[in-house]
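Heads up, the next two complexes both have chain A, just with different partners, chain B and then chain C.
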Partner chain A sequence: MSIDARPAMRSTGVGTSPRRLGIFARRRTANASAVRARATAGERVLKWGPLAALALLCMFFAWRAERFATVDNLKNVLDQSAVLSIATVGITFVLLLGAIDLSMEGIMSACVMVGALLVMNSRNANDWGLFAVIPVVLVGAAFGLANGLITTRLKVPSFMTTVGMSAVGLGVAQLLFDGDQPRVLDRPLRAWAIGRVFGFTRATLVAVVCIAIGVVIQRHTRLGRYATAIGSAEDIVALSGVNVRRYKALAFALAGAFYSIAAVLLFLKQGTGNDELAVNVNFAAITAAVVGGTLLSGGQGGVLQSIVGVLIVKVLENGLLLLDVQPALQRAVQGVIVVGAVVAATWPLRHRLRVVK
Partner chain B sequence: MTATATVVVPPKQRRELDALRRFAPVLVLVGLVIGLTLKRSDFLSIGQQQQLVESAAPLLVFATGMTVVVMCGGIDLSIAAFAGFASLWFARFVPHLGIGALVAVMLLGAAIGTVQGVIHVKAQIPSFVVTLGGLALWAGLALLQDKPSILIASNSSVLALDGRLVGVPRLAILAGSLALVTGLLMWATPVGRWVRAVGSNETAAYLSGVPVVATRIAAFAFCTMCAALAGCMVAIDQTNGSPGTGRTQLLPTVAAVVVGGTAITGGVGGVGRTVVGVLIVKVLGTGLSIIGIGQKWENILYGALVIVAAALTIDGSKLTVVK
Partner chain C sequence: MHSRTMKRLTAGMLLVTMTLAACGSDDGGDAATPSSAASTSAAPATDAPATTGGSETTTAGGDDTTAPAGDACAPEDVVLIGQVRDETNPYEKSWLDGGDEFAASVGLEQKRLTYGDDSTKEQDQIKQELSSGNTSCYVLNILPNTEGDTKPIADAAKEAGAFLVTQWNKPADLAVEDYDRWASHISYDGVESGKLIAETMFHAMGGEGGIVALQGGLATTAAKDRFAGLQEALAANPGIELLDEQTANWSQAEALTVLQTLITKHGDKIKGVWTANDGMALGAMEALDAAGMSDVAVVGIDAVPEAVTAVADGRMTATVSSDGPWQGGVGLAIGYCAAIGEIDIASLTADNRAFYANQTLITADNAADFATPSVDLTEFDCANVFNRVSGPLG
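Take a look at the complex of A and B:
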């Protein structure tokens, strides 16, 4: 059987490492029932834990900070969550694969500059209005696709590819910035973006639409279903005939497209194109996704879970600000939260001979 | 089921790949230097070289530490953020401890690296996750203090390190000796074999008695200690410690390591290669300003360099699933 298996596996481009087939498989079956019992308890925590945490946080801040539980403040939290939500919907698809995307800041910076230079601005004669969204989304998707192709075709691990791509995106943004910040002069467009509908800002509504699109893609398209499957067991998905490389590359491209929409909101809200608008978004998005239950190990969670995470991050930010805690401390806290959440979620998988790089 | 379907690279091809990794960077460096000398005849002058070596010193220290971690098959994304954090504490310690502040901060670095290593190894989560969390933590903590930077008094004894010894910058001598000692340790002691074994095949290393856990943790401790030293060096050079110290150095460091020929997949590489990589990165940076496109392209260059070099040096035969 092993002789027959070889060429088949090689033709799909996927080898199977000894730890999937050898002693480990046996160890796992021996403990299978115990593992399953733990997994169901774990699944329950993963499913309801983040929502419970969000509710507890809201209750705590409503008790400690008197300005927290007002309608205006809560609408404010939703408005401030808009950009991060859209970006997090994007990164969720990459995290579902079990890969990571550290290029968000670079891609968003490049998109901010492209967009700000295409609408009516103080630097050139362009006046694309809302149509500027189309080239911006194409730029974002192209960056994402480049990430995906480099990871799948050249076999460079995604954290490495995307660290490099982040620098490339930032470099492109700096070239376009060129020491002269373009101000957005298209007043109707800015007024549209900042304006309110039923008391909610349009940014919030755009975010809700993007989340809905994300949920539909995740649940009802091949891309979304395969992304989850690939994150759970890439080699098995490949052996069942799915073109893994294509769907992985597409997931990265989709993520890039979502980042670009977040970038459009970012520069319209800010009113200027600046290569430093997107600083710290990437880590906040990873924190949000992980805290919400979209684990870095892949295959688990989804868009809605990640959005619960975004709300946790933003409620925490807002509440701590109302309690006069320094923003710098929040970044430090995010760092601890991410590592803590990952440790807690993967603790049951620990094994003496497990190889983690 | 004992036969597994790992793609086997024929020995000849593997040898060629290794030769490429070993000698191509040197050829690239020689080519760059020749090209730049043709473009500008004073490129090889002593003044230019002193400047180059001086600016390369912190990068060499960062990259020496990173090399050991990458050879184990891991990565440390927290070094640049930690260097900023370390430079602050260095500037804070100097009035009390003098040159001892350097030792204190390096010990702090080793301790924190150990913690990051223990979390990575014991909780078995990928090193880039632990160190990404570390990046946010140290960057956040460094920004917590009230002042934007802490000055090192101009009569302070540590600033003597900034001078030159028979024309060679003292900091560069310090960086060079660190690289030399590390290189010797990796070449002549079992430590080097352990690191290579862990990076090549961790399971096999464990089964043959290599202290896998200790090696990995020590690698991360060493890497963070190097980051602390690099942060102190930049602080001495700029006579202050600030959160932004070394902030931009993560990408050049990774670039230097992979460009030198250390594979990001682990097991293959060495400190000597990293020295070549650091020189390539620095000469390229100088070259950019010589041909006049300058700093604006720096980010794009480093980004592309990291991706291309990582792709060229990766041992595809070892990778089954690339995440």
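Take a look at the complex of A and C:
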């Protein structure tokens, strides 16, 4: 359905049998120009609408909130978006499949605790420094792979698999936490999150690198292209000989790896390992992705769209705080604007989203 | 197109919906229990006004006592159960540890239960525990998840004839005296804690300057009371200006973000940060640290180990302790004393049935004493369990 899916489809020989192709076939038949025109217009809105919304939000806050449009504040917003951005890059690959991942909190919590206990900390004698990232990423990827394998091999819906896996992760985190939060004592290591380069926190730069990696994987690897294709038409991709199960499992593993990087930044930033640091991040990431145009129905959007969503969510949070909106109202206003943004973004596509679940 | 995935997703949703629905009807069941319990109870007359009458029914409470010292439990038959949300919370873990120490001191073991912020799970656990065994010798020391959970828990304990002590959460119109084996409800005056730390912070600031406040979840009584304490202190200190008040939902991570934004908003005008719990204080300190604002006073509540360390190190100004190990021990001790007949619940004064307990302000002066949570077992002697009463619930 999406632009990125087509090269992958072509290379696997899909497109030879128009009757089986459904929407792909329609898009390739020049005669069905009306359908195509509407679809592309919708796609354009989906792609650029969120960016326009972000620009509007920024303009509004710059106008109404005194401190919003200062360099310091914008650097803050980017810093505050770093962890969520990386996590959202990860979940984007799962959402592209048309699957869902609710295990982010569990995976991140487990990774936070593993990481915080491996670096120099107040609980034990470990001092792995930057090398601690390796086991943490392995833990994250292993959790993700477990999600993927259980979903694809045992045919458990990703919704249930990942809810379960989240509980497993939280359990592991709680065991490691053991009621005493380890303080991260390695200052130079913490500089990876809170140190500044040209006034931006290094966390911001790490996030930018992760986003770039995400974009490359999405656009230039089989994993990324198949993920989009599977989300658009899994049965067709399977018929064309792609090992769908393998790529689905890999997408989950990749997501887990991204969560683990986010977790590393999170505990370095906070300076402690706490099993509750990652609370609410899962729904924030899903919200951000959907607001940005990576729809839950799969096959739509991508890493960059999701990141626009992250910025919308974070700008909104920051702006409302600066605006002196009553604290109790802020959350409600955020919710209304988020739902409104999704409705607006998907409006031109609603005829194509035939079934909404 | 991707119907299989969708079917899976739908199946998942359905399952969850069904589970939720089941929980819903469970709650319904709970709500129904009081009335059925009331009609079968030995003294139905006292139950009728209980839901609305509140403390006016105290005089009738005595009639309810069907278990005087005569059929007291043998000490070795007593079963001790402590239940909190989460052992990952250092405070709640220290609570259960205190319970263990008490249990060991009377030659018993405490059953440690946790329900992870899940009200339904909390109630199910209690019902499960009370479904078998000689429940009339069971002693429950419970931290109800929310105020709404307290009545169903009290009703379940009543039906099983178990001894109950609850802490922190209880709706004002639910009277302990209406239950013959609900020995006590212990709480802490949030207004007092909020005020204590505010005054300490104002003193550290030299009585003037701007502060920001990070509140807890706005719907909770604790958040409201603690903030009311801050406001009382503000009223008495005209030199202090409240620049901003925001909520960080008790969360360390959220506090860091919120304060980061507030620092851009108010800059160097911030001389003090008042937070409604230590988790947020720790997050706030990270934000201040990152901004290079090391001379800002930070205060919190709860005395989690890391905050106590920070106070001892001088990085944080003050926190307040409710003394988790004491709470975990004393709740079981009150129930145990009642079960073995050393305490006659019916003759306890109103101040001992529902009371605020003393809390301790922790500053650099005394932080070292609190570094390792510990209990004084003599405080759990039946004669001493009410020594920390500071006053009736207000």
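Observations on the structure shown:
Following the convention adopted for this analysis, the second predicted complex is superposed on the first by the 285 of 357 C-alpha atoms of A that agree within 3 Å, B and C clash if a C-alpha of one lies under 4 Å from a C-alpha of the other, contacts with A are read in each partner's own complex, and residues count from 1 in each chain.
By our rule, contacts are C-beta pairs under 8 Å (C-beta built on N, C-alpha and C of every residue); 3 or more make two chains touch, one makes a residue touch a chain.
Keep in mind the model is a prediction, meaning the values are calculated, not measured.
Shared-chain residue A:321: touches chain C; no touch with chain B. With both structures placed on the common chain, the touch criterion links A:276 to chain C but leaves chain B unconnected. By the touch criterion defined above, A:188 lies against neither chain B nor chain C after alignment on the C-alpha atoms of chain A. By the touch criterion defined above, A:172 reaches chain B but does not reach chain C.
In the superposition on chain A, contact of A:348 is made with neither chain B nor chain C.
Look at A:159: by the touch rule set out above, it reaches both chain B and chain C. Once chain A of one complex is fitted onto chain A of the other, the partner contacts of A:150 are limited to chain B, with no touch recorded for chain C. By the document's definition of touching, both partners, chain B and chain C, reach A:234.
After overlaying the two complexes on the shared chain, residue contacts for A:333 are found with chain B alone; chain C is out of touch.
Touched by chain B in one complex and by chain C in the other are residues 22, 97-100, 151, 155-160, 163, 174, 178, 234-235, 298, 328, 355, 357 of chain A. If you check the complex, the residues on chain B that touch chain A are 1-7, 73-75, 77, 119-120, 123-130, 132-141, 143-144, 202-203, 206, 250-251, 254, 264, 266, 296-307, 310-311, 314, 316, 319-323. On the chain C side of its complex with chain A, the touching residues are 1-6, 8-13, 15-16, 86-90, 93-94, 215, 218, 244-247, 251-253, 256-258, 260-262, 264-265, 279, 282-283, 286, 289-290, 305-306. Interface residues of chain A, counted against chain C in their complex, comprise 22-23, 67, 70, 72-73, 76, 79-80, 97-100, 151, 155-160, 163, 173-174, 177-181, 183, 194, 201, 230-236, 266, 269-272, 274-280, 298-299, 317-318, 321-322, 324, 327-328, 355, 357. For chain A in complex with chain B, the residues that touch the partner chain are 1-3, 5-6, 9-10, 14-19, 21-22, 97-100, 102, 106, 150-152, 154-161, 163-172, 174-175, 178, 234-235, 283, 286, 296, 298, 326, 328-336, 338-339, 342-343, 346-347, 349-351, 353-357.
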